[in-house]
Amino acid sequence: MEIGSDLPPAVADRVRDSFARQGLMSLLGAELADVKAGMVTIRLPFRPELTQQHGYFHAGGTASIADSAGGYAGFTLFPEDSSVLTVEFKLNLINPAQGDWLESQGRVVKPGRTLTICQLDVWGVAPGKRTHVATGLQTLIRVQGRPA
Amino acid sequence: MEIGSDLPPAVADRVRDSFARQGLMSLLGAELADVKAGMVTIRLPFRPELTQQHGYFHAGGTASIADSAGGYAGFTLFPEDSSVLTVEFKLNLINPAQGDWLESQGRVVKPGRTLTICQLDVWGVAPGKRTHVATGLQTLIRVQGRPA
Amino acid sequence: MEIGSDLPPAVADRVRDSFARQGLMSLLGAELADVKAGMVTIRLPFRPELTQQHGYFHAGGTASIADSAGGYAGFTLFPEDSSVLTVEFKLNLINPAQGDWLESQGRVVKPGRTLTICQLDVWGVAPGKRTHVATGLQTLIRVQGRPA
Amino acid sequence: MEIGSDLPPAVADRVRDSFARQGLMSLLGAELADVKAGMVTIRLPFRPELTQQHGYFHAGGTASIADSAGGYAGFTLFPEDSSVLTVEFKLNLINPAQGDWLESQGRVVKPGRTLTICQLDVWGVAPGKRTHVATGLQTLIRVQGRPA
């Protein structure tokens, strides 16, 4: 399947169901914005509960939506009876994470039977302004025979 | 200053004040458990709001307390008129993040005038059980002339 | 300066002079293939002296040319009286590193006064075939008042 | 098997045989210094052919012996009919890589059936002086049914 192409509704639904079961996404207020083949976007609106000590988004929030976006990007390419776990990720925080919301995109760089590698990017978005705030890489592992 | 040694109360207070201003730590329910020179421990009690889709702690929560622990570990070694920013971090998730609480420790491996490198470790803790759930590395930058 | 645009000859010459002083590039047989603003390409022809135990290029060779490509990509954007050091890099090895030569490209993602972040990519190239073998991220620091 | 304990001679021999087939280790002049269960040490004597532009060891040489040390550390814990591949590694270069030789140690942090995680450390050694020059993390994958 081509990265970025449309998905069968059943696959997108599996992603939405799984996302809805991530308690942390709901606590943070994160929303699944877009689900394509190997490419998932998550949005996180700003609120003071998400900040670090200077009032920007905390890197932990940035990392949370980056990790979930990458994990679900890989998950869209997996067979039905499998689930996804993050093996590791690395994130460079390249600009202050500010804006009305953060938008994180996970994109599969290398799909695989066992391991899948994703690029992670996060932008801070405000009216008329879009700043690249983080870029990273993530290694996922597919776990067979386990509900999503 | 030797890593792990006691800190002047004023320095520990600067860490506590700054931690208290991190909205995300409060939203997650994270607590500053120990503050030593170049070594800071943060605890995160389990609750369903912190989970991923299988009911374990979400990697984003693990990353959030790991990043803060490392950031404050570096911060304890900085002069008073400076603050800390995370340049990048990398985390390997080596066991399912479960337990009554997570405990993250950031420890300075290499202090520096501009850059400071920390090792990050997270354990899942339950009565009689302590599991190493994540290990990572973090690069911090000291920013001069800016409130903590 | 736009990433990928042509450079003043004096800047490209500084890169070539510095590259020529890297003993390791010469030992490996690596060649500077292209020098643009914030984007440098290095080639490494295959020979048995560069292999790991299965006969592919060793990850250390891949890492060597990736690190140099990224370092010089950053260096092209630095003022004349400064030099570059690698703070850290991370590399995912996504396909077996084989081919007639490896081609590594370093590309500046975020230039900065102190820190510069690069994306690193390496391809294995054979007649009619180009395989993405590694992708990574690198953090560079600019050091002032030191020869290149 | 406890990390750092002695190995059956046949296992240590498999490591030495495989190391001897890594063309790059021989080109660099690297030597296998110690092979224990989950812990391998490689030495790289200084010579001008290994330098970057300032005359220190090039980060690519540091990375090469760090990657091999970690890979073989994992390999010591694998069953006989399997081989090791590096999935990814990350290295922080924390001090100038200088000395009469570099010494890299790979140490298994988390062994696993599929994935194994290692800590990587490199020191620069000179008479009476031992400097920590790099620290990193590495993810390995075990490949079944393939000669070492």
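Labels A, B, C and D are assigned to the chains in the order they are written; within every chain, residues are numbered from 1.
Quick note on the criterion: a residue touches a chain if its C-beta (ideal position, glycine included) is under 8 Å from a C-beta of that chain, and two chains touch if they have at least 3 such contacts.
Here's who's who by UniProt: A, B, C, D = Medium/long-chain acyl-CoA thioesterase YigI.
This structure is a prediction, so every number in the text was calculated from the model and none was measured.
Shared contact partners of chain A and chain B comprise C, D. Of all chains, the one whose CA centroid is most distant from that of chain A is D. Computed centre separation for the pair chain A/chain C is 29 angstrom, with centres defined by C-alpha atoms.
For the pair chain A and chain D, the distance between C-alpha centroids works out to 33 Å. Residue positions of chain A with contacts to 2 or more other chains are 87-88, 90, 92, 137, 139. Of all residues in chain B, those touching chain A in their complex are 18-19, 21-28, 47-54, 58-61, 63-65, 67-68, 83, 85-93, 146, 148.
For chain B in complex with chain C, the touching residues are 87-88, 90, 114-115, 137, 139, 141.
Residue ranges on chain B touching chain D, taken from their complex, read 90, 92, 94-95, 109-110, 117, 119, 132, 135-137, 139.
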